[in-house]
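What follows is a structure written as structure tokens; I'll ask about it next.
Chain nomenclature is as follows: A, B, C and D, assigned in order of appearance, with residue numbering initiated at 1 for each chain independently.
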Amino acid sequence: MDREPTFLSHPFDDDKLREECGIFGAIGMPDAANFVALGLHALQHRGQEAGGIVSYQPEPGFSSVRRFGYVRDNFTNPSVMAQLPGKIACGHVRYSTSGSKGAAIRDVQPLFAEFAMGGCAIAHNGNLTNADALKESLIERGSIFQSSSDTECIIHLMARSMARSIPERMKDALRLVEGAFSVIAMTRTKLIGVRDPRGVRPLMLGKVGEKGWVLASETCALDIIGAEYVREIEPGEMVICTEGGIESSHPFDKAKPKFCVFEHVYFSRPDSMIGGRSVYETRRQIGVELAREAPVDADLVCPVPDSGTPAAIGYSQESGIPYAMGIIRNQYMGRTFIEPTTEIRNMGVRLKLNVNRALIRGKRVILVDDSVVRGTTSRKIKEMILDAGAAEVHFRIASPPTQWPCFYGVDTPDRENLLAATMTEDQMCAHLGVDSLKFISLDGLYRATGEKGRAKEPQYCDACFSGDYPVKPSDMVAKGRIKLRENA
Amino acid sequence: MDREPTFLSHPFDDDKLREECGIFGAIGMPDAANFVALGLHALQHRGQEAGGIVSYQPEPGFSSVRRFGYVRDNFTNPSVMAQLPGKIACGHVRYSTSGSKGAAIRDVQPLFAEFAMGGCAIAHNGNLTNADALKESLIERGSIFQSSSDTECIIHLMARSMARSIPERMKDALRLVEGAFSVIAMTRTKLIGVRDPRGVRPLMLGKVGEKGWVLASETCALDIIGAEYVREIEPGEMVICTEGGIESSHPFDKAKPKFCVFEHVYFSRPDSMIGGRSVYETRRQIGVELAREAPVDADLVCPVPDSGTPAAIGYSQESGIPYAMGIIRNQYMGRTFIEPTTEIRNMGVRLKLNVNRALIRGKRVILVDDSVVRGTTSRKIKEMILDAGAAEVHFRIASPPTQWPCFYGVDTPDRENLLAATMTEDQMCAHLGVDSLKFISLDGLYRATGEKGRAKEPQYCDACFSGDYPVKPSDMVAKGRIKLRENA
Amino acid sequence: MDREPTFLSHPFDDDKLREECGIFGAIGMPDAANFVALGLHALQHRGQEAGGIVSYQPEPGFSSVRRFGYVRDNFTNPSVMAQLPGKIACGHVRYSTSGSKGAAIRDVQPLFAEFAMGGCAIAHNGNLTNADALKESLIERGSIFQSSSDTECIIHLMARSMARSIPERMKDALRLVEGAFSVIAMTRTKLIGVRDPRGVRPLMLGKVGEKGWVLASETCALDIIGAEYVREIEPGEMVICTEGGIESSHPFDKAKPKFCVFEHVYFSRPDSMIGGRSVYETRRQIGVELAREAPVDADLVCPVPDSGTPAAIGYSQESGIPYAMGIIRNQYMGRTFIEPTTEIRNMGVRLKLNVNRALIRGKRVILVDDSVVRGTTSRKIKEMILDAGAAEVHFRIASPPTQWPCFYGVDTPDRENLLAATMTEDQMCAHLGVDSLKFISLDGLYRATGEKGRAKEPQYCDACFSGDYPVKPSDMVAKGRIKLRENA
Amino acid sequence: MDREPTFLSHPFDDDKLREECGIFGAIGMPDAANFVALGLHALQHRGQEAGGIVSYQPEPGFSSVRRFGYVRDNFTNPSVMAQLPGKIACGHVRYSTSGSKGAAIRDVQPLFAEFAMGGCAIAHNGNLTNADALKESLIERGSIFQSSSDTECIIHLMARSMARSIPERMKDALRLVEGAFSVIAMTRTKLIGVRDPRGVRPLMLGKVGEKGWVLASETCALDIIGAEYVREIEPGEMVICTEGGIESSHPFDKAKPKFCVFEHVYFSRPDSMIGGRSVYETRRQIGVELAREAPVDADLVCPVPDSGTPAAIGYSQESGIPYAMGIIRNQYMGRTFIEPTTEIRNMGVRLKLNVNRALIRGKRVILVDDSVVRGTTSRKIKEMILDAGAAEVHFRIASPPTQWPCFYGVDTPDRENLLAATMTEDQMCAHLGVDSLKFISLDGLYRATGEKGRAKEPQYCDACFSGDYPVKPSDMVAKGRIKLRENA
């Protein structure tokens, strides 16, 4: 409700799915907030809009700094970091949720509350599918909401729990919520990590020196601070880290794991590991599978930079067609530019990408991209390539057609705006005006991740491709915002 | 002298040579400043510290906006651009000169002066080697300098010229300066482009529609606005663009062309063309030459991103050793971070680069980088690669050893800080602690640019590699800041 | 807990008691927030640290802007005011509470909460004496506090009330709090004003046109918008203003009125009316009484500007001694200055005040000030006057000795820092080093306000002079922060 | 030409003449810039738009900070002041010149230039009447102007002087300029003060300790730093202060002194001394003279605050009619407010002033103001007083009718906007709608300053009242902007 300056992120990247959050926590090291800042910097790709860090030291107690903008711009100032003293800290980077215009600093996490037994900060990656129903019920009982974040439900449920300790109150609260969540919480002496029973969102455990522990969304955030990778937090597990060691418990009913397959395709950084495998290698392998499933005769394999690069390398290696940087990405992209005249078409994409005209002219080009969401960018890239004189343009997509919205913490357009939800592959090919268009199959994608193929009860959450939602999106169904497949 | 807030650029990239400027001018199109903003955005890699644009419209006359920071952050605001009306405009992006701590907005170009016959704005890429002597002489005669920029000498020389028109005054002034310069100047009705007699710095001419002309440091800045590439301005040529057409003259004594060979190696964007050749292709070809000159048995060819990428692709293609992204670059790099503890070594480079550990472990790795300047980054990268478990590390460098400072508009460390000025190749290999280290030869580099090899009177300025300075750096010699090679 | 930039108010005025708040509400006029901004500007003397405005319009709902700094700097920007649309609005200006270092924007009022039956904003002038006890009890029951403001207790008590309407919930809540309060609340359709049963803090009702109503701390805020003064809200009264008219009720047990006598002495603006009397006239009359009670032979009567001016005029008129501006106040005072050297004594006061040396030299001067709190400023003023060559200095104080802290919404030093709590009048005279020092008597002060003298059950709250606290400061007593007089 | 954010000063005070500058310099004390900041704070009333300070210390040389806004907001920050080290410094506060919309930081003084014999900073109070002609001639000879300030002419004239020292070059330059000027200049070792031959603008000399000297526009700026008042710089005198002492010379042809009489009426602070007399006393004496010249029967004498206050006190004392604060000034005035509706008349003046309604009702009121310029404010004040129920309103003005613009450093409306240039006293009385209106006579004003009356060759510059311009405003005459009286 507070009218603060709005902060709009990246209009030219709006043709991608967006991971909404990255989380990081550290305990048992001096100036823990500095480690958190570095970890969040490594996780910036998971949320570019805003970031926050909470730390604790007996004097002055809990401290919090929350800001719009990049970690590097906000959490590198010594005078800012001096406001976050202590040996325990946690932080969060985020996008705004779909549909909100701009955002308020109140919504930036970690959220903090003072309970009778002490303070607690919470950072959340994921989305609660029953948050609206919970919120209504809490307001009726006298809770006052300060943010529009569904994470605040967890805080209020904890405030009302009769349990005597913060970890127990957290278990009480998380048993009442539905959806996908990886949560990092922090008290005066404990760093707590929890994943939902299906483990939809990632959460990694690392070690620093003798007594230090860190929790992070991805392993690349362990690398940046030189932490040792220990293991992944298990689906349904709560881990409590103190300077004395770690304790593990499994407070939820057991469920079949459903890790998000799109983390392999796009969200995670290529230098992270998931399930012990290099994300880069999985993506290169997707390119290999794609070359097998959808070969085509051509002169060059070019990635749509930067997300299509590993699959393009794989496609080139499997097909023997030379790999080339036919499209160059401007490294200084930012907000928005004024378009000089309407005559200049495709200005948006030109600000970010330029075709290597001398290279492309007269060539049959295979373009490898990670996904097609609205299809708007794909179309503009095709036009740039043809303007530069390419003889043929073949699109190869490193994921199956994206047909369903995600309700587990990813910003997706409504179904009617997903190109693949309204057209067949052939229709899309005609719509984009390319010589051929092929997506990898769901089985091919599963194979690239090391599985034999998609099992009857799939090993991943692939709802965005299949419409098989492992957790019912009950708020959305209640509001009529989504109609599920009949057999789902 | 004004104490303004200082703006420090990129401490972690300090192991590169720095092009100091990019320039762009436009005439004959509505809202010309918007085109200039886009052109400067495409040239941002040539100067990230500050940028400025001057435009002219009869009412309100000349307008100027000069700012620290990126083009995208300053020149995308509609209220800013509304302050730059008119059909003619020019602009500049810059680094600060070597050694200055921070910078003042007074030094940001274009510079502007009101002469008796009207106003004139000037944007300059290059460096005057006799600026100190000129400045002293001008102050004695009553000129008052407002900036620390050597470009201001040109302005004062023009103010004192007896010629009746601005282009003639400009010729008078430029005949008195020595060094390397590409200059764009702008009056109420003319856009003027000039290159020094040797053509050390680039300057391209483009066309927009029927009456529009643009001048730009590189062709990638023509692409972004959809301008047609016409030709390069010739060494020693002055071109005057008006809405009616262009006029060419050659006001200087003729000299042998000496285009900067480092533009091919690093400064220019890979999607630009120089002399009709793709810069990307030249760099890929450097990799091919390097694979021939310096082969080695290994498992992977990895670029040091992003500048080593084209040469690494070429090396892989020529050698048959697979190309892989063994090092991943963080796209959100910025200013500086507080290092958490001194225990964590190499933090600086870790903020920018991370090794793909799962990929590198146990492998013999060839790392391809564009150049070695101080060697500090190379050393840290080697350590990261070894920490990740690589079996062998071989460095291949896509330029000859950088042994001499540049005095023609590039920010170079003093000689004693250039690794190759103080060590042989073998000493450097030992110093960096790698299994092998090889640089491309000068002849190999020339071949990759399409020449048969380096001629006796070389086709390029390669002073940074050879110490053969085509223009004597007289201010520096006078100050004893450089001792030239005896035969130079 | 959020570490925001701190905003420190006025270090050189720290020798005054500080009213902590001014409040203003408006309903039934277009762009009501503009009226609120003007009203708060007129009440700026009651709180200079921060201000906030909440407005309501069906679309976009409730809007809030809260900022540190002056009303004139924050709420005059058209783009800010455009964020506060609607025909109903309320606002608040504040000082930070005693002892807090800096302040957080979360603490700036109006506070806002969403209840099951709709939103409500609250602005509060005063202080709750049982806020700590209430807060502890509310947290135990699951309430989460977001601010350090005692006003938030009212919000949480309302959230937990079982009543069906916001006014009824407000009555429930206010019956549970103790202390001094004038409150303005606002729903989508109602503007509500309440004063505590003793009416310690002021609250005025005004009318604008046919359907418009305003509530304000002082009448000067009615004048600025051209509103007609209707009447004071009565002690213990709740008034509900809608576009249809006003409704009055008296929800509390009846108590003897105890309006703050210091509003007459210092807090209110001289152009406001209290109880139908001009505050300026009351202050001038204090000067008249003071001249009768404490005459002295002298050459000039000089005010300590600006608060001593009306009493000095009265003293001059009653005594016949000429009035003169012996001390001139700098109108551009602000934050803090760096003192050049320790040699320069009294720099603080010199930044604000300068002696008219040519006027004072050789004269016997009577200085009239409104009050003595710590005595630090009085001492420095005396030194300045003597440095300028005055023959004698006589202090006359327009209030009785300030001996007790206020717990009803005024920022007072602890008792040990109140000069009059630790010294007799003679000791103070010696301590300040003046020729004589006299305070007006309590009876004289009461006479100046139109009473015959102080009744046995006093007509005002004069606890700061007498130690007779009309409401027990229970939190402070519980914490041992104050020891009451035995008979109190 | 640079398009910087504009800074607009005080729209509600636009019915006053504006002194355009205050200047201050200090030598021979550590951290001299801190003294300058304090001095400029005391001179803020002479220029509220912007301020600048230059200091010198061998390392880092000359330093300059120039900012829009108040001294207290810009020059109190320790990190800013740390940028101004050294034992010598000078500074300037300014209004923008009449007619300019907003202003550029380039125009903020002190201006600085590097000459062959070293750097020099200059701060100027006054206006050059032949600046346009000089500027044209300088540009023809190759000078490049960077600002729109006429002070820059002095700098360029100095740059072109053949003299060997900065003081001698300054004499050369100042002999070529015409108009009114008090100038403070600063080299590495000298602080220089000069007044024009007529001494139109003030300049005071003070002493700090053994070796410290200060120069200031008014004595109130000596008081704030505890400096001892030494004497006024004489008309036509140049004083050079070093740590070793002071040297005086008189480089100009002798002329009859013509100090600005309006400094007595309004510009100078009441606690300053001019010619050894208290400005406050002179103003009180104007009130005494006015009571004698223009008596009227009434109940109250009220000042228009704050500038009418001393004269109102004098009028009351001479007439025996009681003095009262009938109009109260809001101390928190600033920029501009959005007016809520057009119904609310006179909002502008209400933001600044409020009538003490309870006091005024039914009374015959004498309002004493310092001057009438456009008459717009006078008219609104009259309406406020009548709205409050005054029985009669009599205006008494403490200066003669302002009929002519000033060309010597004061911002005056064009003649056609000066009420007294277009109407007789009776017409003005009718226009303002008051019961009577009287101005003090020129002779009365001269008597109040201690003269016997206005001599045939007047002792002051009173051109704004008389049209007798002591220096011909040649630029203005050349442009046809002013038509002088025939006998002038």
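Assume a contact is a pair of C-beta atoms (placed from the backbone, for glycine too) under 8 Å apart; a residue touches a chain by one contact, two chains touch by 3 or more.
Predicted model only: the values in this text are computed from it and were never measured.
Student: Looking at the contacts, which chains touch subunit A and subunit C alike?
Tutor: For subunit A paired with subunit C, there are no chains in contact with each.
Student: What chain is the most remote from subunit D, judged by the mean position of CA atoms in each chain?
Tutor: Computed centres place A farthest from subunit D.
Student: Hey, how far is the Cα centre of subunit A from the one of subunit B, in Å?
Tutor: Distance between chain centres: 36 Å.
Student: Could you tell me the distance, in whole angstrom, between the mean C-alpha positions of subunit A and subunit D?
Tutor: The separation of the two C-alpha centroids amounts to 62 Å.
Student: Two or more other chains touching the same residue: where does that happen in subunit A?
Tutor: Within subunit A, no residue contacts more than one other chain.
Student: What pattern do the touching chains form: line, ring, star, complete or other?
Tutor: Topology of touching chains reads as a ring, each chain with two neighbours.
Student: Pairs of chains that touch, anyone?
Tutor: A-B, A-C, B-D, C-D
Student: Of all residues in subunit B, which touch subunit A in the complex?
Tutor: Listed in rising order, the residues are 29-31, 34-35, 37-38, 41-42, 44-45, 48, 70-73, 76, 78, 81, 220, 223-226, 269-271, 273, 277-278, 280-281, 306, 309-310, 313, 317, 322-325, 328, 330-341, 344-345, 347, 350-351, 354-359.
Student: Considering only the defined contacts, which subunit D positions touch subunit B in the complex?
Tutor: Checking each residue of subunit D against subunit B gives 1-3, 61-66, 80, 83-84, 112-116, 119, 139-146, 155-156, 159-160.
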